[in-house]
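Below, each structure is written out as structure tokens.
Both complexes shown next keep subunit A, but they swap its partner, so subunit B is in the first and subunit C is in the second.
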Partner chain A sequence: MKEGWRIAAFAVVIAVLVMALAPYIWIVLTSFKTRLDALADTPVWLFTPTLDHYPEVFIGKGYLPLVWNSAIVAVSTTLLSLAVGAPAAYVFARHRFAGQEDLFFFFLTTRMAPPIAIVVPMFLLFTEIGITDHLIAVIIAHTSFTLSLVVWMMRGFFADIPREVDEAAQMDGLSRAGTFLRVLVPMAAPGLAASAILCFILSWNEFLYAFILVAFEGRTLTVGIPGLITPHGTLWGQVAAVAVVATLPIIAFTVLVQRHLVRGLTFGAVKG
Partner chain B sequence: MGSAVLDRYVGVWFLTPALVLLLFILVGPFAFMVWTGFTDLSFALPNRDGNFVGFDNFRRLMRDPLFWDSFLLTVRFMVVAVAIELVLGFAIALLLFHQLERRRLVLTLLMVPMMLAPVAIGLIWKLLLQGDFGMMTYYLRKVGLLGDQQVLLSNPDLVMPAIVAIDVWQWTPFVVLVMLAGLMSLPREPFEAAVMDGARPAQILRDVTLPLLRPIIALVVLLRGIDAFKEFDKVFILTGGGPGTATELLSIYTYRMNFKDWDLGYGAACAFMVYFVVLILCAIFYKAVFWQEGRSRAKGRAGA
Partner chain C sequence: MTVEFKDIRKAFADGTIALDRFNLAFDEGEFIVLLGPSGSGKTTACRILAGLEEPSGGSVWVGGRDITNLPPRHRRMSMVFQNYALYGHRSVYDNIAYPLKVRGAERSQIDGRVRETAAMLDISALLDKRPRQLSGGEAQRVAVARALVWQPEICLMDEPLSNLDALLRLQTRTELKRLHFELGTTFVFVTHDQEEAMTLGTRIAVLREGRLVQFDTPREIYRKPATRFVAEFIGRPAMNTIDGVIRDGQFRAGPLSVPAAGRPEGPVVMGARPEELAIADAQGPGAGLFTVDVVEQVEPDTLIFLKNGDTEIVVRALREAEELAPGAQVQVRFPEDGLHFFDPETGERIP
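Coming up: the complex of A and B.
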């Protein structure tokens, strides 16, 4: 009886995994299919692969710079968010001051702010300043939600370090800023790495800000995706190739950051 | 000496850059949005270059049936999608909790859908649901869930359920992940006591597990609710709001007002409404989280 339940449970888990993964596996397969196989009436699971779509879309259609743009935006957003966010997180973890909770709530709302509400005035303001169509516009926009991610996540990691560590460092003659830079930051390095990876993922995956703020030169990979879908004769092999390149680095990163994912995505409310 | 004084106020100058940045990238645009909502700014109509019009846009909003259709559609999408994700995610989390060798591997694989770019998810499902060669269309027809001529994404009656299903596919893993973390953090004593008292598994689930998990459930519901209310990317790629206005969620409607009709004053009023609802949900979320933290702190003190 017990054994029967175990097998049943295992079967359900397998079924859930198939449901979760089959759509993604399908798009990976499609990126290696000839046009004929991709458009077959009956789904084709076994086929002779072709590598044509990747060079066609990335070289032929000039999508390679989009990958580069996405990488620049994601890396810059991450660095900016960490540089500005980690010190702020330290203050929230170690200091007590009037209005602290309100300020913290403000940081929460910035992460939750609906992009569609912010992007329009941001577009008008950036047009005024003249930075639309530059990557800097997207980097700034993305920092609006990654910054609070860093603050929320790193506050938890700094708070996990016992205060005695600070006190010992200051006994040894370090200033508070020195304690933060030379002692706390190295100790919180795993947390910083996790925050960095999550920032990278959020920025890399983001669509609406990048879509509205840049039109030509600075397009990121996600922004390039809709352009590939045409009312008739969409080249699905190429679309799939772009989707695969846009998602593979994220899947690799997810494996790295898995342990801290729950904490990052629930604003530190669940430690995971 | 100067640097010592500087060091005493380390809190101030550690916090200032973050605040200045947010002021520039969020508070500024937010204020500008509110202001625009009170003007007739439009890039498409003549003589509408941002004159102050008071509450005109908001009055128009209140009487705009399309806006309210879209608002109700969004609320319905949010409620139905989150409810299904919650039940399904809790069931899977419970299963994984009582199982399993290789739980880490299963979790890693399960996480794939929620980490993909939402635009890519829209793309994947657009391919799967194509009428003449979509893999999913083929199998749905094969098992009789879909008529021979029916195409999910262009059928006004079926398109919204399809989008809910895709959202469930994407976000159930998140619920599983958080619920599982919650289950693993629960104290053991109440369960042991319940078993000693001879409670059946169903009773334990209802009277012990669920009450203990309440804070986590509240957290998941609010986080997912806020996200679902803002939904844009997937729907934009999948249907663009169509067919007709069958999938025109609030953010898609706001997008259309701003970037198709270029009616920026009215668009800002729409955007304000989205922001307003999200802000309320945020405040509830914050209260719920801090209520939970306050409780655990109190518990820790009682234990010591």
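Coming up: the complex of A and C.
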């Protein structure tokens, strides 16, 4: 009986793994397939790999700067969200003020409207102040939704640190700002790391806002992909190549900070 | 340098009044204990002195200077918290060194002070550990070291022993007393444990419902409690208090009659410490007949719980009372010079 459960559990894990990994493996393979192999009616598993797509799209089509744009947007969004969100979360965790819970909930409501409903007014607003087609527009747009994430996650982290620690820091000679920056932030580092990764992933993968708000030089990597859908057909090999490159930083990041991420997600989120 | 609370009032946002017209003044070098039951305002008073809580009214003075609005970091006070409040991401060494570092001490000086303080608290071997690797007693020593390392003028302690188990609490208590003797720093110690207060304090401030009830040496507080509340709060077992009336130079409560010459007539509360009472062989002046209810052998003493109608008293006797069995009738003698009298309305001591 016990053995039976083990096999069942194992089967479920395998099923989930296949569902999660199959598309990814598919796209990795496609990025090395010739156009003929990629479009074959019966999927080809054994083929002569080609390395053409990567240089073609990144050098030939000039997609390399898009990687840089994505990086600037994702890193800036992450830093901005943490710089604004962490102090806000700290205040929510420590202080009592009128309308506190309403305001806290309001942060979440910013995520309830479908993004498509917000992006048009945002576009008009940004055009008005003249920042459309600049990366800053995408950074602000992305921060608008990552910020709520940071506030919600970090509140739990700060709430988990006993209030007496703040007070001990003040008795030890720190100001309130010093207490936050020099004691609370280091103590909440796992939470900050987890929030940072989520912000980075969300911003890096985001398509809609970036697509509407920038064109030409300011495009991010995700926005570049539709450019490969041409009137003569979709260049699947190049699409796959861009997609694979787009996943690399996320994979690297996640592997690097996996421990923080798991701890951060299970720890902060429960309390939030 | 005197520390002075002047007419301190503290009302919290939820309407509770923690302190009301609280006045207290004491001198440098003392070991002051703020003692009271929960909700008496003792912790609030300590936190107001630290600057962690802002009073709703009144002022705090140290050395003739009004420090009511001074932020905690400028008060030259340190604090030990009940839950230790160590910095979990730093080593024990760094925890202790932190106040020196923040206050801009020289690196060479920091190392010397940290090691010296650690040695004084017998935690030199723990310096490389992390707070989560420490036991409760060790963590508390680290917290004390952190509070004393930079030689503050006043060291505040908010129920620092409450999270320790009984034996460790006794050891740490003795150690704190020794530290106070060696350093001469002013200590302000908050507790609800009267035994801690009695053993540690040079003077004890007893608080009740946000007010100072009595401020005196442990001996005076024990021997001359200012109110019925103090009388019943200090000492274990508590002082026996009997509601009765004085008539014809006698205190009377039911069948009990005790000489109380020269006292004004009228209703009164009489108090007598359990060790002042004695089991008498025969009836005599100042004795009353009681029935033994329970006998507790608390070595080396015996606690005898007795009843007479509604009146219940405890007698603390040295072992000889062993043969007493529940139900036995005995005479209990109330010695005239060991009696306390309190006003039944206000609870105030009647001299």
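Note that the second predicted complex is superposed on the first by the 240 of 272 C-alpha atoms of A that agree within 3 Å, B and C clash if a C-alpha of one lies under 4 Å from a C-alpha of the other, contacts with A are read in each partner's own complex, and residues count from 1 in each chain.
Keep this in mind: a contact is a pair of C-beta atoms (placed from the backbone, for glycine too) under 8 Å apart; a residue touches a chain by one contact, two chains touch by 3 or more.
This structure is a prediction, so every number in the text was calculated from the model and none was measured.
The superposition on subunit A brings subunit B alongside subunit C with room for both. In the superposition on chain A, contact is made by A:240 with subunit B only, not with subunit C. When the two structures are aligned on the shared chain, A:204 is found in touch with subunit B, with no touch to subunit C.
Legend: residue contacts after superposition of the two complexes on their common chain; A:165 is shown touching subunit C, with no touch to subunit B. Within the superposed three-chain model, A:175 lies in touch with subunit B and with subunit C [touch as defined at top]. With chain A as the common frame, subunit A serves as the apex of an angle whose CA-centre rays point to subunit B and subunit C; its value is 90 degrees, to a multiple of 10. Greater residue coverage of subunit A by touch, when subunit B is weighed against subunit C, goes to B.
When both complexes are overlaid on chain A, the residue A:115 reaches subunit B alone and has no touch with subunit C. In the superposed model, A:66 makes contact with neither subunit B nor subunit C. Contacts of A:187 after superposition on the shared chain: subunit C is touched, whereas subunit B is not. Contacts of A:139 after superposition on the shared chain: neither subunit B nor subunit C is touched. After overlaying the two complexes on the shared chain, residue contacts for A:105 are found with subunit B alone; subunit C is out of touch. Fitting both structures onto chain A leaves subunit B and subunit C with a minimum C-alpha separation of 6 Å. Counting contacts as defined above, subunit A residues 175 meet subunit B in one complex and subunit C in the other. On the subunit A side of its complex with subunit C, the touching residues are 96, 162, 164-165, 167-175, 178, 182-183, 186-187, 189.
Taken in their complex, subunit A has these residues touching subunit B: 6, 9-10, 12-13, 16-17, 19-21, 23-24, 26-27, 30, 38-43, 84-85, 87-88, 90-91, 94-95, 97, 101, 105-110, 112-118, 120-122, 124-125, 140-141, 143-144, 147-148, 151, 175-177, 180, 201, 204-208, 212, 222, 225-226, 229, 236, 239-240, 243, 246-247, 250-251, 254-255, 258, 261-262, 265-267, 269-272. Of all residues in subunit C, those touching subunit A in their complex are 13, 50-52, 71-73, 77-79, 81-83, 85-89, 98-99, 102-103, 146-147. Of all residues in subunit B, only 3-4, 7-8, 10-11, 14-15, 17-19, 21-22, 24-26, 28-30, 32-33, 36, 92, 95-96, 98-100, 104, 106-113, 115-120, 123-128, 132-133, 135-136, 138-139, 169, 173-174, 177-178, 181-182, 185, 216, 219, 223, 226, 229-230, 232-233, 236-237, 251, 254-255, 258-259, 264, 267-268, 271-272, 274-275, 278-279, 281-283, 285-286, 289-290, 292-293 touch subunit A in the complex they form.
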